[in-house]
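Labels run A, B, C and D following the written order; every chain starts at residue 1.
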Amino acid sequence: MAEITSLRHAVASLVHDGDVVAMEGFTHLIPFAAAHEVIRQGRRDLTLVRMTPDLIYDQLIGMGCAKALVFSWGGNPGVGSLHRFRDAVENGWPTPLQLEEHSHAGMANRYVAGAAGLPFAVMRGYTGTDLPENTANIASIVCPFTGETLTAVPALQPDVTIVHAQRADRRGNVQMWGITGVQKEAVLAASRSLVTVEEIVDELAPVPGQVILPSWAVTAVAEVPSGAHPSYAHGYSERDNDFYVRWDAVSRDRETFLAWMEQHVLESANVGRQT
Amino acid sequence: MAEITSLRHAVASLVHDGDVVAMEGFTHLIPFAAAHEVIRQGRRDLTLVRMTPDLIYDQLIGMGCAKALVFSWGGNPGVGSLHRFRDAVENGWPTPLQLEEHSHAGMANRYVAGAAGLPFAVMRGYTGTDLPENTANIASIVCPFTGETLTAVPALQPDVTIVHAQRADRRGNVQMWGITGVQKEAVLAASRSLVTVEEIVDELAPVPGQVILPSWAVTAVAEVPSGAHPSYAHGYSERDNDFYVRWDAVSRDRETFLAWMEQHVLESANVGRQT
Amino acid sequence: MSDDWSADEMMTVAAARQLRDKTACFVGIGLPSTAANLARATHAPDLVLIYESGCLGAKPQRLPLSIGDGILAENADAVVSVAEVFNYWLQPGRIDIGFLGAAQLDRFANINTTVIGGTYASPKVRLPGAGGAPEIAASCREVIIVVRQNLRTFVDRLDFVTSVGFGSGPGDRARLGLRGDGPKAVITDIGILEPDPRTCELTLTHLHPGATAEQARAATGWPLAVADDLRTTRPPTAEELTLLRQLEASKTSSQAGAGVA
Amino acid sequence: MSDDWSADEMMTVAAARQLRDKTACFVGIGLPSTAANLARATHAPDLVLIYESGCLGAKPQRLPLSIGDGILAENADAVVSVAEVFNYWLQPGRIDIGFLGAAQLDRFANINTTVIGGTYASPKVRLPGAGGAPEIAASCREVIIVVRQNLRTFVDRLDFVTSVGFGSGPGDRARLGLRGDGPKAVITDIGILEPDPRTCELTLTHLHPGATAEQARAATGWPLAVADDLRTTRPPTAEELTLLRQLEASKTSSQAGAGVA
């Protein structure tokens, strides 16, 4: 059964230096507050896994928490580049960043395999592209019935997965709805999991389109209102699109970035929203 | 986009002699009325696919519609044997029935592979049992990353899948909820599909736990109230458990069975409920 | 056997007691479902019931009549596809206990639910088949088998291996790559059998009140091993019996009424 | 170029016109999303919009600002997992048209969105990467590419092949096992390029009003093939322009207001 605890305690006990950490949320429900706590606790040498690195990983990378990134699309959606990500790849600042690069379909299937307790997934993908020669974790596999050649990708099995959801009940059952991306698979694929939620309630009233993570499949739940800001929580908050636009200028310059992080994350208490 | 049509027309145009036909519904939403129409139209040499053959396939088998059965559990749930199924296997009556036998996990994964456009699925299963030596469609496969040996099963790709659902809208979008089993996968795996529904409505009000089959993924929709009887349609009707108990006596004897089918199915108009 | 309860009631109560609170249990219909719901009503209120129809954390208010009974979906934590139950929940080893029945059982707790007599292609008796059992037997952390003990069922050699217990003995599960620990107990109407830790062979460790080791031997198609410290099962408590009978009554009344809808 | 509309508007309108009603379209954010929503507002009211975030049959009331904009989920026929979008909907070839952009494009409509210059490990410019594009390019029945035409983008040789158009020419898609037909058109701010049916090489078939073949050649990093019957794109209608500008305005106003919530 999931432990209901504070964000600070959950991050301290679940996220260790050198871990493979997945934080998911497809535009929606991105666990920014938890990432900020990881930054405040000074985790290092993380292998960060995420389909769409987004601002959340730009911040972790720029603060030197990551040694590697496993991903499929690294941009500021609708705005442009992730400058900290680019600076790490192009210039090795603040430390070199090793990349393992896939397509969305590949990453999604890798989480599916992880959730299913299988060592790999089969898909149609990557064929004819330059990805296989630059990414070790892509292989061919032959169908034992038809002889057809398909693509195999290995399971993702993070040490810890962190997601944000709308609600949990007091037993630790988690409820999310709207666009739920690969969060369920990412949690089920991991050895440990932390879910931050907008609120903890007595009863989870059913919602159309909901995805439930039963308490016994989650390690820890922490109540962090606005914990997805500047992304959004369907039914609770809207996306802070201005923040995404402003981030371009903040992140473009190393000093501006560091000053912003110092003021808004490092000196900040455990709050969800910093603008 | 799905054609909205009569059950009679849909079966006549979609189900042909010799077809591979899947009718799914896990205890819930079993498309009995459609199966009765298949019987009335005298289809022959069908390869019937279904995880849990249940009374619906007992009737099709006893009426001589099937030459083969692909399945994972053939009983009258909570009651006992399927006597027509047993008579066909044990005595070849009314015609011999070729079996392809899997586990539930294997069948579910075969539908998943079919829905995903893959020729096979990978799973952990069957190992150490006598199923592989009696079922051609089970193979070993080696993980290209870890070297581990797993089990492969080929995709199910029925010529036509038939399911029952609670509702469709006038554009042919289908909505089902409650226990939805493998219906979505079975429909997506098939070349053609027919969905019978309790009612056709103007708007599909969202329901928690709903599964939607978009109109453009379905071939035909027919309104058949009580079309799942004696199984049930969550929110519309309850399971006719007495019927399942009574079926044991009806189906035990060939003549009693034929007389019952004559009276309740062959002479019956296109109605959902015959008791 | 006492007049106060039936052998089947003792069997169900003994099975329910095997279930620890706050564990996840993969439940088949019939006696396993009754036992699991009895456990939930007594010592294991937070037992997580998982049905292969897709219901995770089912909390039925009466006994379900089938594995896809609508009552299972109504208060479940989640209702998912059948593929998801097997792939995301059973296969990775998330489920603590699996409950199985058997048409035939051998000394290594391997199970047949497929065919009896004749050949596979032309059997004397065609049984329902595998259902979820092979993967439940393989992947649950532990397995409990509930089955009436008699010579038709407890056989020296299975006519078909549908689900693997300990295969042909020690080390077989590991060799086959089966990740759960295998059968932990076989609960019968006579007593309880547990695998010998060294040989994996089923050994009679408990007799239900009134039953005898001779009775158990006579109902077993192989030379039955009997534990040196053979114990007597604690008889059903008044509470267990009351709740069990309430559960059974809820099933009968819903069955009688179900045809009306 | 006329004073009445911008080159980007002409490009969006031309892209929208490529979409037939009652087909399913895999939509990326930005210009493809604008074009798809314009098509839905004009000649293709039953166009099925599919976004990789999991929204099937999205019917946004304003232009979405991101691929996971909540407005996409609100009136969608269904919202499914990202894995399901790719595995059950894209991979089996259920989606008629895929819309892609490009940072670099070659004469066989292969696309680079990964790195420019240097090496893969140490690139001059690190681009966002593949996203859904490789499998969209492989599995949609047809692909439409929307991209501004200039020498930086229309290159003789890609620095990285992220998504395959026609590979190195005729027969390559079949050899690679790619099941869709591949790129059907490249819509630019100058005109429309279509693959030659024989050679698969992109050929300029339409010029937007006011553009010239010389202008197109000068913006292309290889000797551009030009169709003998080079046609002029029909200019945007008043209705197309009005609706396009309303869509763009809805995006700006929601963007301005979105930070308040």
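The working rule: contacts are C-beta pairs under 8 Å (C-beta built on N, C-alpha and C of every residue); 3 or more make two chains touch, one makes a residue touch a chain.
In this text the structure is predicted, and so the values were computed from the model without any measurement.
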Joint neighbours of chain B and chain A, given as chain labels: C, D
Most widely separated chain from chain D, with each centre as the mean of CA atoms: C
Comparison of A-D and B-D (more C-beta pairs in contact): A-D
Chain A-chain C separation of Cα centroids, rounded to whole Å: 40
Geometric centre distance via CA averages, chain D-chain A, whole Å: 27
Rounded Å distance, chain C centre to chain D centre (Cα mean): 57
Touching two or more other chains - residue numbers and ranges from chain A: 117-118, 123-124, 148, 184-185, 209
Touching two or more other chains - residues of chain D: 87, 91
Contact graph of the chains (line, ring, star, complete, other): other
Touching pairs - complete list by chain label: A-B, A-C, A-D, B-C, B-D
Contact set on chain A toward chain B in their complex: 117-124, 137, 139-141, 143-146, 148, 150, 152, 154, 206-210
Chain D partner contacts - residues on chain B that touch it in the complex: 1, 115-118, 173, 184-185, 188, 212, 214, 216-217
List of chain B residues in touch with chain C within their complex: 26-28, 51-52, 71-75, 77-78, 81-82, 85-86, 89-90, 101-105, 108-109, 111-112, 123-131, 134, 148-149, 178-182, 184-185, 209, 232, 234, 237-243
Partner chain A, residues of chain D touching it in the complex: 29-30, 52-55, 65-70, 72-73, 79, 81-83, 86-87, 90-91, 114, 120, 122-135, 138-139, 160-164, 167, 172, 176-179, 254-256, 258-261
Contacting residues of chain C [partner chain A, same complex]: 22, 24, 46, 48, 56-57, 77-78, 87-88, 91-94
